[in-house]
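Accompanying notes for the structure given below.
Chain nomenclature is as follows: A, B, C and D, assigned in order of appearance, with residue numbering initiated at 1 for each chain independently.
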Amino acid sequence: MNGRSGIFKFFLFLFLGVIIFLQFLSMVQADRLYDRLNTLIGRLESHASVPTRPTEKPAASTASAFKEYPGDEGDWLVSVEIGEPRTLNPISVENSIEARDIYARNIVETLFYYDLDYDGVKLEPLLAESMEISKDGLEITVKLKKDIWFSDGVPVTADDVIFTYQTMMNPEIDAADIRNYYDNVKEVVKIDDRTVKFVLKELYWQTIESVGVFDILPRHIYQFTDPKQFNSRRSNPVGSGPYVFERWDVGQQVVLRRNENYWGKKPKLNRLVFKFITNSMASLQALRSHDIDTMEPSSEQFFELSKDEQFKKDFNMLMYWRPNFGYSYIGWNQTKVFFKDRRVRLAMTCSVNRPAIVEYIQKGYGKIVTGSFYVYGKQNDPNIKPWPFDLEKAKQLLDEAGWIDNDGDGIRDKDGMAFRFKLSYPSGNETYERIIKMIKDDTARVGVDVIPDPVEWSIFLDRLNRREFDAAVSGWGGSIESDPYQIFHSSQIHGRGNNYVGFSNPEADKIIEQARRTLDPDKRYALYHRFDRILHEEQPYTFLVTRPSYTLLDKRFENAKVHKLGIDFLEWYVPKDKQRYK
Amino acid sequence: MSDNGILLDIKGLCVSFFTEDGIARAVQDVSFSVKKGKTFALVGESGCGKSVTALSVMRLIADPPGKIVAGEINFDGRNLLELSDQRIRAVRGNRIAMIFQEPMTSLNPVYTVGEQIVEVIRLHQKKEEAEAWDIATEMLRKVGISDPAQRVAEYPHQMSGGMRQRVMIAMAISCKPELLIADEPTTALDVTIQAQILDLLDELQEQSRMSILLITHNLGIVAERAEDVAVMYASRIVELSDCRSLFDQPLHPYTQGLLQSLPRLGFTGKRLYTIPGIVPEPLRFPAGCKFHPRCPIGCNDKRCQTVEPQLRLLDNGRAVACWFAPGYERPDDPKI
Amino acid sequence: MTTYIIRRLLLMIPTLLGITIVVFAISRMAPGDPVSLAMGPGGMMDAQRAADVRAARMKLYGLDKPVYVQYAIWMGRVARLDFADSIKHHRPVIDLIKERLPITLTLNLISFVIIYAVSIPMGILSAVGRKKFLDRAGSAMLLMLWSLPSMWVGQMLIGYLCGPPLNWFSPAGLSSNDAEQFPFFQWLADRLWHLVLPVFCLTYAGLAYLTKQVRAGMLDNLRADYVRTARAKGLSNWTVIFHHAFRNSVIPVITIMATLLPAMFGGSVIIERIFSVSGMGLLAFEAVTTRDYNVVMGVATIAGVLNLFGLLMADIAYAMVDPRISFESAV
Amino acid sequence: MVENKQQKTWGTSYGEMVWKEFAKSKFTLCWLGFIILLFLLAIFAPFLANDKPFVIRIAGQLHWPIFKALTASDYSILLAAIVALIQFLLVLRNRRCVDPSIRAGVLWRQITISVFIVLVGIILLFIFIPRRLDATDYKSMVASGKATGAVFAPVPYGFGRTDLKVREQPPNRQHWLGTDDVGSDVLCRLIHGSRISLSVGFVAVGISSIIGIIIGAILGYSGGKTDFLGMRLVEIMMAVPVFFLIITIVAFFPRSLFNIMLIIGLTTWTDDARFVRAEFFKLRRQDFVQAAVSLGLPLRSILFRHMLPNAIAPVLVNATFGIAGAIFIEAALSFLGFGVAPPTPSWGQILSLGVSTTGRFLWWLTLFPGLAIFFTVLAYNLVGETLRDAIDPRLRESV
């Protein structure tokens, strides 16, 4: 009899019940069940076994991976990544900095590693024992260490090296970026279980470095029949490193556990936690409340904190230079009328107030970049002085180039065309936006009308690739030593090459080609110094600024040294009485 | 319990609405009494305060903005205005029931009519659910709804206006109230159905000996059905009388006007009489007698324009509020 | 009723097709493509090699075919309930959604429950005590809440409540670092504590909106004749309010509930960004900005389906609550 | 136009009734005043905050830099403001001189003419006024004594001027609301930003209302198959997540203010369409519409002259809330990096700068634009709320 009203009540209760149930389910599932299941399935699929010690315990490894440091074992290091990597597969990772931060050297090891205390490329053996280069420079023989094994106890052999190389070169494997570095390798030959030979196609100094820093994956774990299966394997990286993968809480963190079965000297910290925090203010707040132990602040954050005595009591503030920071630049599209003329490009450089950026935004710690190499590297020519910020000179140069304000509207023109161009940049980047605002204001004073044009990253790339832009602000990542071939060689103007500004200079081309074949570092450096000088004169880019890196670190960590190439948390430890986590 | 056969006795009731625009005196100094088993009619144009009076009896004036400012409402010897909320709720629907003007909207659209009747039965009579449903069906039969056993499970929107008013009545009488307030029960209905509903009320009154407070703007329907009549104009009662004498000899010019404007059998005049002008708004009552702007006698009279006449009991047992009514004037009245 | 539902479900098919076409067209029309994005600005590739790699990848993802063929292929997979693979992640779209959904659902369900649990009583109280101090103060408060941009609120909360000196909440993440080692209830408390701020930011605007709706509906109904009838029956005040007035005010509340269903699935980009929660909102946002077509299509299609189901459910619930509406008359 | 020379008391028109009801709430009137003030601020922004002086004497010659530097959009805004003012005066005059029965028709005609004038005017202005660049630093000219007699605006800074020396200063004497990350004056940017935020709200909602009204009117009037198909279209638009649409479409176009307004307008019309459709559905069966149809009036006239005025109320109310919503959407887009191109200031952009700038908490960059958005949205919401109460006849009946 109560008809509808009863239905209503039933509906209501059902609804509430469902909500409460779903709530519970999703909360539980969000963390525990789902991820554990995931890990479990992941393990089953990848048939990775639980780490076990090899039956025969080797005597203290003949080759020590790292120098022995004193200090107590224990505690965790909780650090921040700005984004979540899409995969931790070392081969299909593309160029994700976050992913490399997590797995490189912690889980997966390379044949050699860079000596952090040398400001050039100096390879120290890690998994390898030695490297021999043939006289013509076309054959590299690498000998692996004895008694080295992956975290599951299986020894590292030449087969693993060859497997990794072949996987990388497999066109169906999603590794186009990495493959590019090894393009010059014709083949890899197994000599014996511990020796491999890399045969190169041609002489090229960078291939040697690439071969040296080659990630070695365990074949017995990553083996695949279907390339798709390999591509979609994104978690549970396995390698020979001092840490093993523990879990990945999607959207939150990746946790690594110390590899108790490590072949070398074990690091002190028990766990490494990489949290994903997108909001940099939130990161700083998390650091202040000791939720995280270390982060890389922006330069503003760093300088503001350096005035905070309370903060300095609790945290170490490290400032250091590091090559992979790179530099930002404005690329002038030299196929456009405006920027064909060297004088115009130079005038633009002179009207960008770089000294002010260094002085006011970077508090004097930054550095104006003059060329495409790491500013403290040996390739860079320290004698080149950056063009000054000089509006008068800019005006004079523009006058010389024939850009004069004929119609009195405040904008220079030539042949009836006003000097008004779009300055494209990827939107949402505060640093670029700041520079753009300054450039717009400053160039207005020399009579050039800049139209800022923020575009979404994918469209930005699209425009660069199609060369459909007037000028663009962007940046290049750096390395200790780099080869300017892709960016500045005239062969890279057409197609989808990276010389999208259309810089073409026969002398520069010749130097680049010659330098690629020069194995002797000093001769090579001399060539690059000359190349740098040409860039400086031609200004295909207006090189902007670079800055040191900063790290904030909880005071409880000891032995946090600053090396010439940066810092290394594998050396850090926490004294027993200060340890926070178990 | 009072012994003079009076069920409801209202004395000096004043109700005001406190709005943003000012104080509206909707009911001023209203007094009348309803006898047991009899019908009392409260007549007046819309907006004159008769519905407010009825709602005051139920204590259903929305507060804010409305407020009963003064007066007594004695029901069966007890002043309803002094009862606690809980006690007045025991009276509402139980001893005093009410039927409203709009049968279309007065029933809750989301419950079946049965549910709505059962609700009131269970509330006041503490009956079991099944029994209450039986009573509800019985009540529907009583108010003349055919096939009540089926209708009881229908929703209001499935019924016609007349049927809904019957349902309202069934709901009202289901607890056998002593007083039934019918607030314009027929206004929204077709003429043929109007008569049916009024006959039904009469019939029910005979069966159960309840009193009815009939509120209407239609003097015509009062004639045959009410014993006593009060005519209200602009928040006051202007004339109070038994029905027969009122129709024979109306004392107040307003009543006269109302009667003249009634169509009568055999009337052959050209046009029906209409009272000129409109009912004043409660916020803008004229000074003096509130009827004087529309009054054929008093419109030019100085006293009517300045001093408001009070309701006075005349020697013949009737009461009126008009300076010009025969036998109204007293020696101590102001003279202008 | 069954025929009605079946008819509505059948009607959904063309609508859904329309949705997929719109989304497909819009996402493909946007300049840029996932391949050049994945290759990045540099990759330091030789020009010829870059072109080759690009062509190979376009082929691998089926992007070299004409757009309508791509659409047909995609529709074919969807018909088999397979939302294809993410181009960026090389994984089934469904897996990505499964991964992100629990976080978003947790946040949204909590805020959903809070919105309803708080705003309904608040709306009723406010309507009952109309024009009294509490109602006025409450309404003003709600309007103010409704007018606050959530990113501002979020950042202010992080700036002031997290970190020293107050240090009340955690500014990012969903659990403490060592939460894995906690016993269940401590873990639960820790989780809830981390959810407070994002949930607050998700909740307050909806709370204000719904309260206003409930209040307006209640005011309408409290003035209705049948409420007067109910009072005349001698029912107690609260019976009148809940049993008669509120019952009739439920209808708008239900409509809003239906629109919330897809919103719960969608998540909020801004709040997820501020509180570093990677849920559905960020997934969709990143998919759009990285031109990960299959993810965009998957998310939008599922959201569209939920949206349509929400509308259908609203209509059904409507008819359940309000006997005046019959299924036959409504299309 | 029927004009009546003698002063006559008309009955109250619908508009007057609504206004009377609206004006009852003094509190809301204050907020309406606030909105008007904001509009004045936006209209006169170049005269309130500018780094160029009104007048300056250089080498004995008088110059008027501020007027010379006004752009086509500045003139357009002034033109629109003048037309709006005239329109307002016309409405007041209508009240006195036009018979209420035809007043609505007259009003519609006037509004159509005004809109036409504004649109044509804007197009002409954009064609004929060249884009100028005047980067002369007048302040340093005055300081160095090269120029005299300069009269500056109350806030003597340009919204695009940068000065790293004074970057990120908290509020002080020179910069009342502080400076941002490149040393621009926040107050100046807020004043100029009011233009962006207000016009985003207005134009976006205007576009969405017009689309919504047209589609809703056609669907509601025609019914049958057209309605059925049209509603599927509306359903499709409703089911596609709006924010997704906006973000994707934003990618197509350059980040200009107009495009953002257009996109917001193009994606948010579904609610209006549904309201108008529902109203038209009801109205279609009413006598006066039947009468109009039987008189053989053209469809356009029936739809927009006879039916629309009766259905406009919910659209109007929705519009005020829509303006508030559009301001939010603009802010959210700025936060996600999809806002208008710098150095054009918008509140959302300043706010997102304050919210995200290099991970610090610069309170003046967050607080002031936040408050500006908050108060504006609050004002619109309050006005919308009061307007709804004033329009809704169900509420007016009750005491």
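What we mean here is this: a contact is a pair of C-beta atoms (placed from the backbone, for glycine too) under 8 Å apart; a residue touches a chain by one contact, two chains touch by 3 or more.
Predicted model only: the values in this text are computed from it and were never measured.
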item	value
By mean Cα position, the chain sitting nearest the middle	C
Chain pair with the higher count of C-beta pairs in contact (B-C, A-D)	A-D
Gap in Å, rounded to a whole number, between the CA centres of chain D and chain A	45
Approximate Å spacing (C-alpha centroids) for the pair chain B, chain C	54
Inter-chain centre distance, chain C versus chain D - centres from mean C-alpha coordinates, in Å	29
For chain A paired with chain C, centre-to-centre distance based on mean C-alpha positions, whole Å	35
Residues of chain C engaged with two or more neighbouring chains	30-32, 155, 159, 247, 273-274, 289, 321, 323
Numbers and ranges of chain B residues touching at least 2 other chains	110
Chain A residues counted as touching two or more neighbouring chains	4, 279, 281, 283-284, 456, 458-459
Residues of chain C touching chain D in the complex	11, 14-15, 18-19, 22-23, 26-27, 29-32, 143-144, 146-149, 151-152, 155-156, 159, 219-220, 223, 262, 266, 269-270, 273-274, 284-285, 288-289, 296, 299-300, 303-304, 307-308, 311, 331
Interfacial residue positions of chain A with respect to chain C in the complex	4, 7-8, 11, 19, 22-23, 26-27, 29-31, 34, 76, 78, 84, 86-87, 92, 94-95, 171-172, 174, 176-177, 180-181, 183, 228, 231-232, 234, 250-253, 273, 275-279, 281-286, 288-289, 291-292, 310, 456-459, 461-462, 464-465, 474, 476-477, 483, 486-487, 491-499, 581-582
Residues of chain D touching chain C in the complex	228, 232-233, 235-241, 243-245, 247-249, 251-252, 324, 328, 331-332, 335-336, 351-352, 354-356, 361, 363, 366, 370, 373-375, 377-378, 381-382, 385, 394-395, 398
Chain D residues touching chain A - in the complex, by the definition given at the top	130-135, 137, 160-162, 164-165, 167-168, 181-182, 184, 250-251, 254-255, 336-338, 341-343, 353, 356-361
Footprint of chain B on chain C - complex, ascending	131, 224-226, 228-237, 244, 247-248, 321-324
